[in-house]
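Contents: one structure, followed by commentary.
Residue numbering begins at 1 within each chain, and the chains themselves are lettered A, B, C, D, E and F in the order written.
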C-alpha cells in the first residue's frame, strides 16, 4: 500500500481513538493550497506542450459528464433515499464535482505503478469542479428569481480551490517547463510529502464523520460506495472513447468517482441553505473519500486495463 | 466616566456566513463590529474548527437599541432556520458614544 | 425583541483542561458553549500562548441560573485550587430562549 | 453563588499596541487580563487581520470600578486620538473576588 | 516574466476580484521569516569568504545613502504633497528603508538572467533598514525629550526582521559554506517556491490598498513611482562608484528603490502615532512594491548595464 | 558548533533581549509534528531491515531504565530538594521520559561527526516516553482508586507525540526503504532545516523560563545539570552492555539524559494537578535542554568513546 494511504489510515485510526493529533487549521489550509497550486502548475506545464484546440473537444465532453452525473444522482437520492429536495440536490452536487486530494492520490498511485497519464487533465478538474454546483442549485430551486446568482457565481468562479488551481495552470502554462525549474524543489519534489501530511489530516476529519453516518444510516453509506463505482464506469468509458492513455482513463474514472468536500460544501452552504451540510459531508468525506483512496483507485486501474484490452476507444 | 449606555449584541455562527453577514450589517446600519474565531457546541452539534466548514465566528456589535433590534430581527428571519447561530444582548457603558 | 433573560458564564482557563471541561459540561447539564483561544495574565503569571502548555481558552456558556450555579460550584471545587482559572457571570437577553 | 460585583472592561484595538498596553496595565494597577486575536471594522476602516499591521486584539479586564475608571481615562488620553480603539464597560459577578 | 512575479499578479487579481484565497496569517509570517533567515544565511556565508574590513567603507557609504533618502523625500512630501509633518516623516522613513521581498525578487531576477552579484549585500539590507526609522522620528518630532528613545531603539534593533536577518547573517558567517550543506534543501532549494507563495500573499495585501489609494489620490501614486525611480539612480550610481559588479549595482539600485512595509510600519506606528499608517502603506505596498516587482527591477538592470558601459566607477 | 545549535542560541538570546521574533504557535506545532514523523519514519525503515525479535531484549532493558530513572530522581527531589510529593513525582516523570528535539540534535550531531548509529532507536524513544509518566503518577498518588487511569492511559498512549512517532514507525516499517523514496525530499532532506527552525522556537521558549528559574533557585538548576549527567552514564553503560555501536551509545546516553517538555507536561497536568508545572518545565526546558544541546551531547560522545576504548560491552 502506498505510504500516503497509510498516512490516511493513521489519521483515521487516531481520530477514531480520539487521539488529539490534529494540526492547526492554518497548516491544513497551507497544505491544501500547496496541493492545488502544484497540480495546477503541473497541468499548466503540460498544457504548454499541447495544442490547446485539440483538447477542447475532450474538455467539452468532460463538462457534459460533470452535468450528467448530478442529474443521475438526484432522482436516486430523492426517491430511493427519500431525502428532501434540497438535500438531494446538495449531495448530487458534491458527487458531480471532484476532490483534489483524491486526484493527488491517483497521481501518486500512477507514479508508483510507473504509468504515464495526460497531466493536462488538471484542466478537467477545473471544469468538473464548477458545473455540478450550478446543476445542484438549479435542482434545488429551479430557475427561480430568488436564487442569488451573483453570490453563487462568486462562489463558483472565485472559490479558493478554483482560483488556486486555475492560477497555477496559467502560471505553469505561461512559464513553461524551464520557468518551473527553480520552483521544482518546493512544489514538485515536496508534493508527495505534502500529500502525506494532508491525508493524515483528512483521515482525522473523515473519522469525525462516523457519528453522523451512524445516525443517517445505511442508505448514505451504500450511496457513498455505489455512486463512485457507477461514476467511475462512466468516467473510464468516456476516457477510453476520448482516446486517453491507460493512465488517463484511470484518472478520468477517479475524477468522476470522487466527490467534493471543499469547494461544493462552501458554495452549497450559501446557495442551498436548507440543505443539511452534515449529510453530504459525511457521505463524501466519511465514505467516498476513504473508499476511493483505499480501494477505489486500484479498482479503477483494473477496469481501465480491461477496457484497454477490449480495445474500447482507440 | 461620563459613559453612556449602549447595547452589546453578540452573534455566534458558522464562519461561512462571515462574508454575507458583513454585507448585511452595512445595510442594517451597523457601523462597526469585532470578530474572533471560535469553536463550540449547540443544538446543531459540535463545531470544532478543525477545518473551514466546521469553524465558528463570534461577532460583537456595539450599537444603540434600534440597530440591535433590527439586526436581531433580521438575522432571525434570514439565518436562524438554516444555520448554526446563537445571539444575545447585554447593556454596556461606552465612551465616545457618538461612534456607536 | 421579546427576549428572555439568561445567564452568561465566562470561564478563562488553561487550554489543557478543554477536553476535561467539555466532558464535565455534559454531566452538568450544559447544552452549548463557545470557545476561543486566548492568552493573558493573572495570579498564576503570564500565559502567552507561545505553545500548548502556556495557552488559555475563553469559554462562554449561555444558560439558566441553575446550570450557571452548578457549573460555578463544580469548577470551583474541581479545578480552582490547581489550575489557572477565572470566571464571571452576567445577565444577557436571548431569543430562542428554549435553547438554553 | 455568593458572588461579588466587579467591572468587566473590554478594549478592542490594534495589535501593535499590545506590548505597550500590557506595560501600561502594570502601572495602572491592573492585576490580570485576557487577550484574544480579532478583526473588525470601525471608524478607522476595516482591519482584517490579514497581516500584522491590520490585526486587532480584544482585551478583557476584570477589575474594580477604580481601576476601570483609571484605565479608561488613561487610554482615552494616551491612545484614542491616534489609534483604532473602542472600549466598553459592564457589570459582572465574580467568585474569588479578592483576586480582582 | 518570472513565475514568482506571476504569483504576485495572481494574488493582485484575485484580491481585486474579491476571491478569498488568503492563507492564514500564521503562514504569511512563516514564509516571511523563512525569506529573512535564508537571505541572512546566504549573506553570512558570503561574508565568511570576504575580508570584512574591506567591506566596511561600502557599508558606511550605504548607511549614508539610507540617511539621505528620507531627508530628500521629506520636503517633497511636506511641501509638494502637503502632508502633515508626521505623515511626511513617516512616508519618508518607509522609502528610506528597504523591502526584503523586493530584494528577494531581485535575487530571483538576477539568477534567471545568470548575473552574479555580491551576496554579502544582505549586510546592506540590514544597515539600510534601520537609519531611516531614526531619521523619520527625528523629522517628525525633532530631538524632543518626549520621544521614547528606549522604546524606539527596541523597535529598531530588536524588530522581527532585523533579528532574523542579522541572526541568519551571523549563523551563516560562523558556520561557513560547509556548515550550510545540510541546511541547503530547506533554506536554499525551497527559496524560490517560498518566495512565490509569499508574493501571492503580497499581491492579495497590495490589492487591499487600492481603496485608500483612490481616496488619497494622484500625488501618492506619482510619489510611489517617482521616488523609487529617483532612489534607484542614487543607488545605482553609488553602486558603480563603489565598484560593485553589474549584479551588485542592480541590487543596490533595487534596495534604494524599495520601500519598507514590515519593519518601518511597526516602528513608526509606535514612535510617530500621529502619522496615518494608511498613507505610507498604500504608497509602499500598493504602488511602489508592485512597480518595483513588475517593472522596476528590469529597468534598474538596464540602467546598470548603461552605467557599466559608460565605465562609471571602476 | 553545529548551525542548528546556533539557531537555538539565536532564539535564546532574542528571547532574553525581549525581541519579538516568535512564530505563530501553528508553525511551532507543524515543525514539531514534522520532527516526530520524520524520526518515526527513519526508525521504521531501519526496523524493516532488522530482526525484530533480536531487538526485543534491548527494548525491555531500555524500558527498565525508563522506570528506574524517575525512581532514582524522586527521593532526591523529595528529600534533598524539599519539593512536595506531587512536584517531586512530576519532575521525576519529566526526567525519566525523553525529548524529541534533543534526540534530533544528537542525530544531527552524529551526522556531522560521520558516526553511524542504530536508527531503529526511535523505538527506544517510544518506549522511554511512556513508563516514566506512569511511574510519576504512582509516585504522586500511590495505587489509589482516585487516579483516573482511563484518562491517564489516554494521555499516555494517545498523546500527540506518541501517536505521531509510532505512526511514523509503522508507516516506515510497512513501506520499507523503497516506499520512502518519494517522501524523501519532504521528510528527510528538509529534516535539518526543520530542526533549525524548531530550535529557534525552543530557544525563545527556553528563554521564557529564566524568570521562574530565578524564583525557584539553585537546587533546580543544579538538578537540571546533575540529573542528565547521571542519567547519561546509566544510558551509556547500558548501551555499551547491550552491544550498541559508538553512535548508539551516544544516542542512548542522550535519550537517558534528556527530559520531556511536551508529552509529560500534558499528561502530568491532568494526572497530577497539584504539581506546579512551572517547576518541572523550567528545569527541563530552561536548564536541561540547553545544557544537553550546547554541551551535553558532545560530552556523552566523549564518554562513549572512552567506554568503547575500555572494551565495555562487546
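By our rule, a residue touches a chain if its C-beta (ideal position, glycine included) is under 8 Å from a C-beta of that chain, and two chains touch if they have at least 3 such contacts.
Remember, it's a predicted structure, so these values are computed and weren't measured experimentally.
J.: Would you mind checking the shortest number of contact hops between subunit B and subunit F?
T.: Counted as steps through touching chains, the separation is 2.
J.: In contact with subunit B and with subunit C at once: which chains are those? Just list them.
T.: Neighbours common to subunit B and subunit C are D.
J.: For the identical-sequence pair subunit C and subunit D, what's the CA-based rotation angle in degrees, nearest 5?
T.: Rounded to 5 degrees, the superposing rotation is 120 degrees.
J.: Name the chain whose C-alpha centroid is most distant from the C-alpha centroid of subunit F.
T.: The most distant chain relative to subunit F turns out to be B.
J.: Which chain's C-alpha centroid is most distant from that of subunit C?
T.: Relative to subunit C, the chain with the farthest C-alpha centre is E.
J.: With chain centres defined as C-alpha means, what is the inter-centre distance between subunit E and subunit F in Å?
T.: Computed from C-alpha means, the inter-chain centre distance equals 41 Å.
J.: Could you work out how far the Cα centre of subunit B sits from that of subunit D, in whole Å?
T.: So the centroids are 19 Å from each other.
J.: So which bits of subunit D are touching at least two other chains?
T.: Answer for subunit D, listing residues that touch two or more other chains: 36-37, 90.
J.: Out of subunit A, which residues touch more than one other chain, so two or more?
T.: In subunit A, the residues touching two or more other chains are 20, 24-26, 29, 185, 189-190.
J.: Write out all the pairs of touching chains, ordered by chain label.
T.: A-B, A-E, A-F, B-C, B-D, C-D, C-F, D-E, E-F
J.: Any idea which subunit E residues touch subunit D in the complex?
T.: My answer: residues 22, 25, 28-29, 151, 201, 204-205, 208, 212, 262, 265-266, 269-270, 273-274, 277-278, 281.
J.: Using the touch rule from the top, collect the residues of subunit B that touch subunit D in their complex.
T.: Listed in rising order, the residues are 1, 3, 6, 8, 22, 31-37, 60, 62, 90-96, 99.
J.: Taking the complex as given, what residues does subunit C use to touch subunit F?
T.: Per the touch definition, subunit C meets subunit F at residues 14, 16, 20, 45, 48-53, 55, 79, 81-83.
J.: Can you tell me which positions in subunit D touch subunit B when the two form their complex?
T.: 10, 12, 36-43, 56, 58, 69, 72-73, 76, 80, 86-90
J.: Flag every residue of subunit A that touches subunit F in the complex, lowest number first.
T.: So the residues of subunit A in touch with subunit F come to 1-3, 6-7, 10, 14, 17-21, 23-24, 26-27, 108, 111-112, 185, 189-190, 192-194, 196-197.
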